[in-house]
Amino acid sequence: MSNPTATGRVLHATLDLLDRQLRDRNGKLCGNVDDLEITRDEETGQMFITAILCGPGVLAYRMGRRRLGRWLEEANRRVHDTPTHHEPFERTRIPIELAGQIGPTIELAVDVDDMATHDTERWTLTHIISHIPGNASRAHQ
Amino acid sequence: MKKVLGVALGVLTAIGGFVDMGDLVANAETGARFDMNLAWVVIVGVVGIIVYAEMAGRVAALCGRPVFDLVRERLGPRFGLANLLASFFINMLTLTAEIAGVALSLSLVSSVNYLFLIPFVALLVWLVCWRMKFETMERVFGLLGLCLLVFAVTVWKIGPDWNHLFSDATHPHVPHSETVFTYAYFGIALFGAAMTPYEVFFFSSGAVEDGWTRKDLGENKINVLIGFPLGAALSLAIMACTHLLLAPRNISVDQLSQVALPVASVVGRLGLAIVIIGIFAATFGAALETSLSAGYIVAQYLGWPWGKRGAPRTASRFHVVILMAIIGATLFGLTGVDPVKVTEYSIVLSAAALPLTYFPILVIANDPRYVGPEHTNGRFLNALASVYLVILLLVAIATIPLMIITKGGS
Amino acid sequence: MTSTPRPRSTRIRPVEQRRPRRTAGRAALALVAVLAASCSEHSVGPARTYDDYERKSRTSAEVALSAVETVRLLAETSSDGNAWGAYTSVSLSEQEDTLAEAEGDYASIQPPDHRSDDLRVKLLDLLGTAADHIAAVRIEARRGNLDSLEQVARPLADDSAALQQFLDSIKR
Amino acid sequence: MRISDLLEYSVVSADGARLGRVSDVRVIQDGPLLGGIQAAFRIDALVVGRGGLAERLGYIRGRVEGPWALRLLFSRLERRAQVVAVTDIAGWDEDTRTIRLIADAQRVRRTLEI
C-alpha cells in the first residue's frame, strides 16, 4: 500500500464525494453526485474514479432499482440525442477532471444545459412556469 | 444605527414568526385542560429550537448549505428519502392546518364559511410565494404577528395572582381528570409545536436566501437567543389566558375562535380585532413558510436550483413543487377535515420525525470541513444538544404508541 | 466539454439483483393507515359494558358542558359590546355544531343494559335542551341583537348546572 | 462499474474469513494527468466494514470532533472498519459479489487511522 500522505490529496468517496451538491460553471445548482464511475485497468489492476454520475435514473440505480434506473438513463439518452456534440456524450456522466473545487459543494466546468439533471427543470419551465405571468421578473422590492 | 434597526427588526420578526397554528392550538388546548402543568414543556421546546436553529443558521451562513442538503449527505440517499417523504407528508398537514387557520380567522370577520375562503387564501399564499420579495415577506408577517402580544396584555389585565401562576407552572403534576398518557401526549404536542422541523428548514434556507455569511453569525445568535424565547413567552401567555379564563368554566378548546375568546372578553372589541389580525398574520406567515419548505426540501434533496431570490423561471421545479403543495393542501382542507385535529396530528407527528432532521445538523455543526475549525460547536452547546438528541429520540419512540393509547388525545 | 481518455474497460459488471428494501415505504404506509383510522374514529365507539357506557356518557357530557359554557361566555362578551356580529355568530354556530355532533354520536351508541338506558334518557334530554337554548342564542345573534344575547342565554345557566350535576352523579 | 456496485461486494481473505462489505473507497489524487487538468483519482484502498450510518458520518475520516457521546459511539463503530489496499486484491467474483484477497485475514488487517 502506498503511503497516502506522500502525494496527492486523499479523499473518501462516500464521505467527500457522494451526495454532494453540484454547481455548474456559472454557479447554478445542478444536482447531486448520485453515483461515481469506477474504471479498472486490466493490466495493472489499478482502479480509478473516472466520472461523476448524476441524473434521475442514476439515483434510482444507486438506490437498488437497477432495472428502472437503467431504463430511465436509456430513455434520457434517446430523448436527448447529443445534438451539440460530435463525440458520443452521456448527459449523466461528468468526467471527473471537470470537477474543480471539491468542498461542501463540487464545482463543475460544465454547463447545466448539458446535464441530464436539468432536463426536468427545462420541461417544467416550458410547460408550466413560462405560462404563468410574472415568471421572468424578480420579486418586487 | 441602520444595523441596530436591522437586528431589532430581525428579532421582532422572530418573535412574531415563532407562533403558528400549531402553537396557538396546542397552547390554548393545554391551558384549558391542564392549567399550567405543561408550561415547562414550552420552555424545554424553545431551548431545543434555539440550540438547533442556531446550528442550522451557522452552518448555512458558513458553507451555504441548507438543512435538507445535509440530511442527504449525512444520512445517505435512502434514509434521506425516508426523511424527505415523512417531512413532506407532515409539512402538507401543517400547510393544510395553516391555510385553514387563515380562512378561519377571516371567517370571524366576514361570517363567510371558512371552506369558501380556503381557495382564496391558497391563491394569496401562492401569489406571495410567487411574487413577494423574501425579506418583505418575512418582515410583514413577522411584524403583524406581534399583534399576538395582546394575549400578554390579556393576562396582565386579568391580573392573576402571579405567585400562584408561577408556582403552578413550576410545580407540575398530572391533573386528576387526566391520565399520565394524555398528559404525555399533550406534552409531546407542545414540544412538537415548538420544535416543528419546518422551522429549521425555513430558517436555514432563509439564511441562504438572505445571503448570510460569516458576518451574520452575530445576527443569527441574537435572532435566535432573543426572538425565540420571547416567542415562547407569547405561547405561554396564550396558555395562561385559557387557563385563567376558560378552564374554570370547564371549557375545552376545540375551535380556533375559542382561542380569541379570552381576549375579547377581557380586552374588548379592539383586543379582538388585534388578536384576529395576529392570528391571521401568524397562520399566513406559517402557510408561506410551509409552502416554501415543501419546495426547499424536495429541491435540496435532489440538488435542484431553489429559492425565491431570483425570478421563478430560474427555479422552475422548485416553484412547481410549491404550487403542487398548495393545491394539495387546499384540496385536503376542502374535504372538511377538522382544522384543529389536523393541527394536532401535524405537531404530534412532527415530534416523531424530529431526530431524523436534527441529528444531521448536530453532526455537521461539529464538522470542521463545513463550518471551519473555529466555528464548530463548543463543549457546552454540544452537551446541551446531546441531551436534546436523547429527548428527541425518546419522544419519537413514545409518540405513536401514545397516539394509539389516548386515541389522539381524547 | 472534453471527452475523457477512458482506461480499458473492466470485466466487473454491475450486479443485477438486489433485494429491494421497502421497509421504509411500508412503515410509512402503516403510519398513514393508523392515522387515517384514528382520524376517522369518533370519540365514541361501541360500548360493551355499563362502565364503558358511563365513560362515554361522561365524555359527551363534558363536550356539551364546554359548548354551553362557551356560548354563555360569548353571549356575555357580546352583550358587553366586546365582540362583533360576525365573530359571535360564527363562534355560536361552531358550538352548536359541536353539540349537535356530540348528541348524534351519543344517541347512536347502543346502551348495553337497562341501567344504561336511564343514563341515556337523562343525558339525551340534557343535550337536547341545551341544543335548543344554544340555537335560540344563535338566532338572536344572527338578527343582530347582540345586546340581548346575555338575556337569551340565561337558561343555559341551568343547563350548565344540570350537566355538572350529571357529571358529578356518575363516577369519574 | 459504479461505486454503488462496488459497495455491494463483500471482502473475503485468503483463508476464507469474511471481513465485511465495502463501505467506502479511499482515493488518492496522484494518478496520471487527466486532460492536462488534474491528476487522476486513483483508488488506493477499500474501507471494509459493516456499512451503516456510522461510516457515513466521518467521525474518524472527516475528523468530526463532537459531541463527545456521538464521537465515542460512532468512532468506535467506524474503527471496526478495516482498510484493504487495492494491491491486496486477488480476484473478483461477480456471481457471489465477493472480493478475494491475496493474504490471510491477520496479514491484511489494518484499522482506519489517518
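A, B, C and D are the chain letters, set down in written order, and residue numbers restart from 1 in every chain.
Note that in this section a contact is a pair of C-beta atoms (placed from the backbone, for glycine too) under 8 Å apart; a residue touches a chain by one contact, two chains touch by 3 or more.
Note that the structure is a prediction, hence the values are computed from the model and not measured.
Chemist: Select the chain at the greatest separation from subunit C, using centres from the mean of Cα atoms.
Modeler: Chain D.
Chemist: State the pair with the higher C-beta contact count; candidates are A-D and B-D.
Modeler: Comparing A-D with B-D, the pair joined by more C-beta contacts is A-D.
Chemist: For subunit B and subunit C, let me know how many angstrom lie between their CA-based centres, rounded off.
Modeler: Centre-to-centre distance between subunit B and subunit C: 24 Å.
Chemist: Could you grab the centroid distance between subunit B and subunit D? Build each centroid from C-alpha atoms only and quote it in angstrom.
Modeler: Whole-Å distance between the two chain centres: 42.
Chemist: Any idea how many Å lie between the Cα centroids of subunit C and subunit D?
Modeler: So the centroids are 57 Å from each other.
Chemist: In subunit A, which residues are in touch with two or more of the other chains?
Modeler: 38-40, 48, 50, 62, 95-98
Chemist: Please set out, as single numbers or ranges, the residues of subunit B touching at least two other chains.
Modeler: 76, 78-79, 81, 369, in rising order.
Chemist: What parts of subunit C, by residue number, touch at least two of the other chains?
Modeler: Where subunit C meets two or more other chains at a single residue, that happens at 2, 4, 10-12, 14-15, 18, 21.
Chemist: Note which residues of subunit B are touching subunit C in the complex, please.
Modeler: Touching subunit C: residues 78-79, 81-82, 85-86, 89, 107-111, 176-177, 245-246, 249-252, 254-255, 257-258, 260-261, 264-265, 267-269, 271-272, 276, 337, 341, 345, 349, 400, 403-404, 407-408, 410 of subunit B.
Chemist: In the complex of these two chains, what residues of subunit A are touching subunit D?
Modeler: Answer in residue numbers: 1-2, 4, 6-18, 35-40, 45-50, 53, 61-62, 95-98.
Chemist: Would you tell me which residues of subunit C are touching subunit B in their complex?
Modeler: Result: residues 21, 24, 28, 31-32, 34-35, 38-39, 41, 43, 59, 62-63, 65-66, 69-70, 72-74, 76-77, 80-87, 89-91, 94-95, 98, 164, 172 of subunit C touch subunit B.
Chemist: What does subunit D use to touch subunit B in their complex?
Modeler: Residues of subunit D touching subunit B: 53, 56-58, 62-70.
Chemist: Sort out for me which residues of subunit A touch subunit B in the complex.
Modeler: Within the complex, subunit A contacts subunit B at residues 19-22, 28-32, 34, 54, 59, 62-63, 103-105, 117, 120-122, 124-125, 128-130, 132, 134-141.
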